[in-house]
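Chains here go by letter, A, B, C and D, matching the order in which they are written, and residues are numbered from 1 within each.
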Amino acid sequence: MSVLAASTTSTGEAVQFWVLGTVAVIGALCTILLRKAVHSALCLAGTMIILAVFYLANGAYFLGVVQIVVYTGAIMMLFLFVVMLVGVTAADSVKETIKGQRWWAAACALGFGILLAGGIGNASLTEFDGLGTANAAYGGNVEGIAALVFTKYVFAFEITGALLITAAVGAMVLTHRERTERARTQRELAEQRVREGTHLPPLPAPGVYARHNAVDIAGLLPDGTPADLTVISTLRKRGQIRDVSGEALADLKALEQRSEERLGRDREDVRDIRDQVPDRDRDEEEASR
Amino acid sequence: MSFPLLTVTAAVPAVGAVLTAAVPAARRTAAKWLALLVSLATLVLAAVVFARFEPGGDRYQLTESHAWIKDFGVRYELGVDGIGVALIGLTALLIPFIVLAGWHDADPLETQSKRWRPTQGFFALILMVEAMVILSFEATDVFLFYILFEAMLIPMYFLIGGFGDRAHSGTDENAAAQRSYAAVKFLLYNLAGGLIMLAAVIGLYVVAGNFSLTEIAEARANGQLDMATSTERWLFLGFFFAFAVKAPLWPLHTWLPNAMGEATAPVAVLITAVVDKVGTFAMLRFCLGLFPEASKWATPAIIVLALISIVYGALLAVGQRDIKRLVAYASISHFGFIIMGIFAMTSQGQSGATLYMVNHGISTAALMLVAGFLISRRGSRLIADYGGVQKAAPVLAGTFLIGGLATLSLPGLAPFVSEFLVLVGTFARYPVAGIVATTGIVLAALYVLVLYQRTMTGPAKEETRNMPDLRARELVVVAPLIAVLILLGVYPQPLTDVVNPAVRHTMSDVQQKDPSPEVEAAK
Amino acid sequence: MDNLIALLVAAPLLGAAVLLTGGRRLDKAGHWLGTLLAAVSFVIGLVLFADMLGKSADDRTLHQTLYTWIPVEGFQADIAFQLDQLSMTFVLLITGVGTLIHVYSIGYMEHDERRRRFFGYLNLFVAAMLLLVLADNYLLLYFGWEGVGLASYLLIGFWQHKPSAATAAKKAFLVNRVGDMGLSIAIMLMFTTFGTFAFGPVLDAAAGGDASEGKLTAVALMLLLAACGKSAQVPLQSWLGDAMEGPTPVSALIHAATMVTAGVYLIVRSADIFNAAPDAQLVVTVVGAVTLLFGAIVGCAKDDIKKALAGSTMSQIGYMVLAAGLGPIGYAFAIMHLVTHGFFKAGLFLGAGSVMHGMNDEVDMRKYGGLRKYMPVTFVTFGLGYLAIIGFPGLSGFFSKDKIIEAAFAKGGTEGWILGACALLGAAITAYYMTRVMIMTFFGEKRWQPAPDPDKAASVEPGADAHPGELPHPHESPKSMTLPMILLAVGSVGAGAFFEYAGFVEWLEPVTGFEHGHSPLSAAAVTTATVVVMLLGVGVAYLQYGRRPVPAVAPRGSLLTRAARRDLLQDDFNHVVFVRGGTHLTRSLVYVDHSLVDGVVNGTAASVGGLSGRLRKLQNGYARSYAVSMFGGTAVLIAATLLMRAV
Amino acid sequence: MNPVNYLYLAALLFTIGATGVLIRRNAIVLFMCVELMLNACNLAFVAFSRMHGNLDGQVIAFFTMVVAAAEVVVGLAIIVSVFRARHSASVDDASLMKL
């Protein structure tokens, strides 16, 4: 790896290329095909790490590290944050709404890919120089890049600095929400509730006392069914309500079983109650775990 | 370097336009006075140009030349010949009257917001048009001319579309729709012509390597610049098409009746008396000057189209029910005469055509502005809504009649001189065309007199019985125009003096000689 | 002396300018100013005449050049005047009769609130007419020609509030324009043939035989067309009858004495051209002969006194044109008849005006009768005019008309016989219809006792003092009206004999040339024949109208009578062919313009719009959809690049 | 192995990313696809850098990363604010760009 001046690479690198390249392509495909954004992000992160390895293999040590630190470490994490913000579990619908979009996309992609490949094949790139001399000129890859960045590309460098600052400020401006109206007082809120007449008292608190007190656990109604109203709207919208009613009913049933056994009585109606427990969103429940 | 008189003449109205536009909303009247003063100042400058121009001197005088776009050899190059001087004079003469006639045309309506400033805009646009038209008469650089030729569409578009005639039948929405139709039609028609001209301008550059009219013409005359026959013809057609749209020549005329019908009377005058003249002027200067051979080649076809314009325009004028559209069709007929005179390729025809441009401008202004006053009194453009106006408003009727008589080229009024010259000039080369064109003078009498009879004579109608006569401001507009018409009708020498040398140059451009009379030829 | 010529024109022109722009403050004195300036012109004319008489016959032509009117390369038109014997005759006729009629109008238009304007128009007419006869080139003549047309238009339509007057004015102008077309084509032909259109060079060249006969015939025919328009000759005669809508003085001055004779002037002025174009001359004589019969027949059938006189005018001008077409044997007589006709026809019209003045502006002769007792002066002057026009021996019409008939026979050949016969027949019919007018108006029993028909009264000329609905009180007109009538009557009586014995023909000879015709009939025979047919006509008319009461309502009459009442169907023909045809033509052209020419444009716009509407659907707003197009576009670009490299 | 294979890989990744842009509606995933395309380009730069023995390619890749970082920051901020306003991160919901 130290002397990269030949027209071919070492076998080790070839093996590495074919193995990791395959994985990178799979990662890329997963990025665009998986329905959940968070999965896409993770796959993309994987692809990027593989690319970092390739950079290293190509003698771009500085870039390889930057790729991992900046791209995978910072940018992808930023993605994940946003995914979290807008809903980590929301999956895209697979149904295409624009007529012919997929066909056109596929056709264009195919044509484009073939043309690119043809272009590369067409170009005469049979031999290459390797980075040995270039890296050695200033005593290393990092030094070489530094020399370039602070001499030849210094203006571009300064401008990118300005760009970054601007972007940071821009992001703040975009996401910062100025309160445009006066916050309503409690009294006003109360009056509004009275006016609307839908729900006068404060909403019930979540959690099942003495058993679960997390905010994502709906309180139980007297009949043991969960009351969605007790969970905050964000979680409700995301469908991230943990339902412990089954557990509670199972406990109840066990209790009754025990008392049955003790008392020797047969209670049919208990079974009825259990049947009413909705067995909905089993996978959702799993996802939330 | 001498004083840039030509630039200043065009710059004064341009600066005036900006200043007028900047007048605050509340100071409406100040804007009007400012516009009037600026237009009068321009008139003075035009008079200076007229005085400084020496008929016996060089072809182009008072020239200015500065590099503009070096890479393409585009220069800011100005100069006037006699034809340009005459038309600059016409433009500068008419604008003050147009401003004065349109004094109240753009007053804001009650319903409009107080911050809205239509008056300022109206007068600023008029001055803007004036500046561009004057500069286009001065430009001797093809590219500069092209830019102005196109740019003047913009203010005209807003003048037509934004300030319609308040006298209309039907609802306001309907009128607004028609107005916008007229404005868009005007714009698209002229843009189409302009685009084709742009192609020809580029083509000319490719062939000639620069845009200077004088240089190209000189190179052509020396034989340094050879154009293939077909190239020259295509380029000629490209230029001619744009000018024929602007002029307008049958069958490219249909935008004019719409535009003139929907615009206010002063704007209609601006269209037909001033802006359209750029088209005929450019035919003389650019078509004949740059492409003499192709001009000769196309002459028969153009003469036929011009003849159709003359007769067709006159017949349609007879058939109109709307006063302003009638004048528009009459103008189409007159433009036919102008174009016929230009392409007759005789001294009489071309001098006549040049005089015709000036005279038609003044006579149409007189007729149209009086018609505008009439329309503003009754609030209708339909001829059938009038009758017996003469009894209530004799001065209005009298001036209207004089405008009409000028339109039908009565001897003693200016248009006669030019029309007769065009006829004689055409007849000398194309006798049949000359004879057919004379039917135009009968038809002109028909549409003018029918119009006069239906509006002014007969028993007075209820609405016209108490029609007020011309007011002082209106009289100030009309009287000088009529005076000029009579003056140029009996003593056109000041004009012919400057025009004749220019025509001589044009005739030598196209290498044509007047046909000599039969008797002399026999000897 | 030369410089006075311009003053001739300038005086009335000044009057017109002052009166028409002066405003109401001139209302009181305007008519005096107008009359004065016409008189000034007349006096200048007399001075010039006296001067001219003092010179030798060949030296009498005066020229005055003011300035160059239209100087253009190869084309020069001057404002220049030429006063020779022919022009002089016209100048005296125009200013003389003109002044008389100004005077007459003072009384006639007394109660018209627009009298000032009327005098302005009259002055304008006099100026234009003088310009016409004084011009030294055809273009300036054209100026005057159109000027009189304008004045005629304004004066016929003077009572604009009457739709009939406005229509008549428009018709007159339009028909004249058709003639003007002829004049302008003639000028253009002259310009291309001779390179000029000044009288001197053109006529010399024509006389010198420089130009081909074909060209000259064309010029002559075009001049004839012009003359037909202005002089109301067939086929352009239709406007004259309608022109009687104008005030009566106008009919007398313009549509009898002066303007309508301009055509004759034009032909005589262009004598050299016509002499060199015999074919054209023949056409001229035919037009003259046809018109003289046409006008006479129409005159027989009209009950409207002015229209009967208009028919007569047409007929008499027909005589003049006939004479002018005969060439040098007739030119002088044409002018002589023109002048005598100017006197007696103006007198007749003024008489008619006077009658109408007294009869509540009634124009229907069937509602007159027995007026001689009430209007003695009018009766006598009208009667003298009547005797003059029918050619009563010794009066002016006798001398001039007799000469024309004689010259017609002298044309020679079959043509001569036919033309002579036509002229004789015309004389008979003239005697007939004029006697009819005379009897119906001044003799017989009164037919006006019952109040005039209200419908009729409302539609008649609301001239000087119209009191529609009241009974007429026939009375003699004021002095200002009778004085001109008396003077004109004197002229009607004496002018012929004066000209005959004072040498009118010799006076004109330097301008028009003169040859003695060789008539197949002796002069005495022609005179006898003329007198006989005249007496015949009078006799028939007397038998028909004098011996029997005149029905107050016109009988249906024969087919010819009915046709003659409608101007021998000329108007109907014009209406069907030109008016209706023209209306259809313009309407269909309007349709064509809207749907075809504009249709192509709007159709293009619509199809572009439709295409855009369809393309617009691609613009669905989905960013991804746009991305596909961008992606596809990139692919195409790459393909193009690769292909370019491959090539 | 010829290093040209890196270029083929870059092309493939780029095409995959572009396809993702076209078929995904979630703005965040769409953004990730754009990142994928940028990375593919970077790979190409690096490969070229190696082939030509010239560090300029790496510098450009470096700048690309910086710009990508800036772009992501702003882009994600936009997504967040759009999400706040519309409660949706689907690009198809913002389809106002039509006549």
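Worth pointing out:
Heads up, the rule we're going with is that a residue touches a chain if its C-beta (ideal position, glycine included) is under 8 Å from a C-beta of that chain, and two chains touch if they have at least 3 such contacts.
In UniProt terms, the chains line up like this: C = NADH-quinone oxidoreductase subunit L; D = NADH-quinone oxidoreductase subunit K.
Bear in mind that the values here come from a model prediction, so they are computed numbers and not experimental data.
Closest to the middle of the protein, by Cα centroid, lies chain B. Here A-C and A-D are compared, and the pair linked by more C-beta contacts is A-D. Chain centres here are Cα averages; for chain B and chain D they lie 60 Å apart.
Work out the mean CA point of chain A and of chain C, and you get 103 Å between them. Centre-to-centre separation of chain A and chain D, using mean CA positions: 17 Å. Averaging Cα coordinates per chain places chain B and chain C 37 Å apart.
For chain D, the set of residues touching two or more other chains reads 18, 22-23, 25, 92.
The multi-chain contact residues of chain C, meaning those touching 2 or more other chains, are 620, 622, 624, 628, 631. Residues of chain B found to touch two or more other chains are absent.
Contact between chains, as defined at the top, is found for A-C, A-D, B-C, C-D.
Of all residues in chain C, those touching chain A in their complex are 620, 622, 624-625, 628, 631-632, 634-635, 638-639, 641-642, 645. Put simply, chain D touches chain C in their complex at residues 18, 21-23, 25, 91-92, 94-99. Across the complex, chain C meets chain B through its residues 20, 67-75, 79, 139, 142-143, 145-147, 150, 153, 157, 160-163, 165-167, 169-170, 173-174, 177-178, 180-181, 184-185, 187-189, 191-196, 205, 210-212, 215, 582, 585-587, 589-590, 593, 597-598, 600-601, 605. Residues 4-5, 7-9, 11, 13-14, 17, 21, 24-25, 28-29, 31-32, 37, 40-41, 44, 47-48, 51, 54-55, 58-60, 62-63, 66-67, 70-71, 74-75, 78-79, 82-83, 85-86, 92-93, 96-98, 101-102, 104-106, 108-109, 112-113, 116-117, 120, 125-126, 128-135, 141, 144-145, 148-149, 152-153, 156-157, 160, 163-164, 166-168, 170-172, 174-175, 177 of chain A are the ones that touch chain D when the two sit in their complex. Across the complex, chain B meets chain C through its residues 185, 188-189, 250-251, 253-254, 312, 315-316, 318-320, 347-348, 351-352, 388, 390-391, 398, 405, 410-412, 416-417, 420-421, 423-424, 427-428, 431, 434-435, 438-439, 441-442, 445-446, 449-450, 452-453, 456-460, 490-493, 496-497, 500, 503-504, 507, 514-520, 522-523.
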